[in-house]
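Next come two complexes, and both contain chain A; in the first it sits with chain B, in the second with chain C.
Now for the complex of A and B:
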């Protein structure tokens, strides 16, 4: 679960609609070193499809997606 | 009452005036004093539009007894919603009862290293004319089109440009010697899924290579390579990208916008969030609304704000809210187009491209001045 990750940076994309969560994520991960973890908070349901596809394309690892009422949290490890 | 206008919904200002003629005075602050029909810039690179015909004097479009301040007197440099005042570049302070912000967006090429030197676009008169020359001299090679980053004005325009470019090269006998690559920041060629599903097969049919998840990071003008945040490098002979966009500096300076200068705006009432009791509204590109940054959205939003203010001034119930309505055409090349009509809850269902839609768009481009600014539509 989320508590087990050492989070190095967070992106608050709550309230942002497609394609902003992915764009904010792509910009933010540039600042991390390989192996570091980014947490992305989003509310747009489209992010559930877009962020895994982005991780797949870029080779970064989507560690986990946590769904809570009204909130999606994605944990991504930089490749 | 004041209307701060850079992407001016002139028709709605005129409408508001008509609705509340006897009890209000309206002042429009517009530093340039010029109204530009920006959708026409799409046609300039193909030699199909004289850009000088896309402009009119704002003064001539507004009803006579609406005041227009331009130059430094119309250049708003600070807005103070708590005091209901704004300041202009000539040092004057103006009080208002209601303020509508239509400050628009600005091209921000400085956001991508190398954009100004290495990329072309059609998001200004000057840029579209420069691109017209380059296209006229183009003899074959690799053209990369698309979007540098989001949000950007008129979302269908880069796709329209790509389709029109493909058709134009075919007509000129250059299609066989030209590769066209289209780049887009997410995993499909357009933000709205239904439009993406509509254009993807068309792009494939026309031989356009699509590169998704391409967030432009840098452009190397010397070696002619555009690179993405995702690590993809694309060489090009001609690069045509919608530039990065930002909100206006006056919004940032006045503390009314987010980090990029977009104004947090209520999706339905169009009141500026955090200032709901301050008679402060925002319309058009300036807002952070989840709809197109387009003249069409601004047009429908302007109607709602005009009705809201008129109702308050006349002490009657407000009859309209904004539900995200946008209507626009999407050129698909070869003299055809489709039509997009949608709102927050109902995504567009683009019909099959037809000549009729292209002709309707051409008619709107021609008769815009008679229909929209006077408030007839």
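Now for the complex of A and C:
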């Protein structure tokens, strides 16, 4: 079970395939202030690697990935 | 290595050698550090250059998906549309992109060529790819991907030479496409860490 975070924004990328999860994430995180947390919901299995790669490249922090059957949840903190 | 100052006449020489050795060592350390820092800040790591030269439905996806994913990761991306790739950025071009089943052994549903050449087979294969292949798996259509790319700041450049050769005018292209030549692309590609020909 994920630790509880104060979520400032959610991105619903369920049903979306590459490249949409990272594209939606990039657009959504623009409006956040540094330190705020965003939750991304995705069903695309590719997102499991894509989201961490995105975080690594952009310098944002991937706090946690939660894998449930049929749903991936990512908690990202804006740098 | 301590100095042996028992021989005064050699002191100058010894000091000089010692200082040389220390300076060289320190200098090499500093230079290596500077180089490592410079590589970390290398702007080329943030640039991707793509040439889109194909105009079939299946080949329109790779440049746009890669460009939007890279742009989402903060990269500066330029796509150079040339030859048949210009069809992707023509007004109304995106929805008329097709795929022909004839002589295309890589098609997901292989079809004998003798059937593939019948009238109507290309539109049917195109429809099947659009609905059964892409839409069914929630892959965005080309028009949407073009918009996503532009929203993320991907630069679209249309090749002047192939536009002239194919009789395409700048006004035939969608908004937001610049026109340039090979040198325009090469100038950007020279600074890009990733250059792709699709």
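One rule holds for everything that comes next: the second predicted complex is superposed on the first by the 76 of 79 C-alpha atoms of A that agree within 3 Å, B and C clash if a C-alpha of one lies under 4 Å from a C-alpha of the other, contacts with A are read in each partner's own complex, and residues count from 1 in each chain.
Please note the rule applied: a residue touches a chain if its C-beta (ideal position, glycine included) is under 8 Å from a C-beta of that chain, and two chains touch if they have at least 3 such contacts.
Please read all numbers here as calculations on a predicted model, not as lab measurements.
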Chain B versus chain C as contact partner of A:27, first or second or both or neither: both
Which superposed partner A:17 touches (first chain B, second chain C, both, neither): both
Partner chain in contact with A:58 - chain B first, chain C second, else both or neither: both
Contacts on chain A seen with chain B and repeated with chain C across the two complexes: 17-20, 22-23, 26-27, 50, 53-54, 57-58
Residues of chain B that touch chain A when the two form their complex: 149-151, 185-187, 191, 193, 212-213, 215, 217, 229-231, 290
Touching residues on chain A, where the partner in the complex is chain C: 15-20, 22-23, 25-27, 50, 53-54, 57-58
Interface residues, chain A side, partner chain B - complex: 17-20, 22-23, 26-27, 30, 46, 49-50, 53-54, 57-58
Complex contacts: residues of chain C adjacent to chain A: 65-66, 68-69, 71-74, 137-140, 148, 151-152
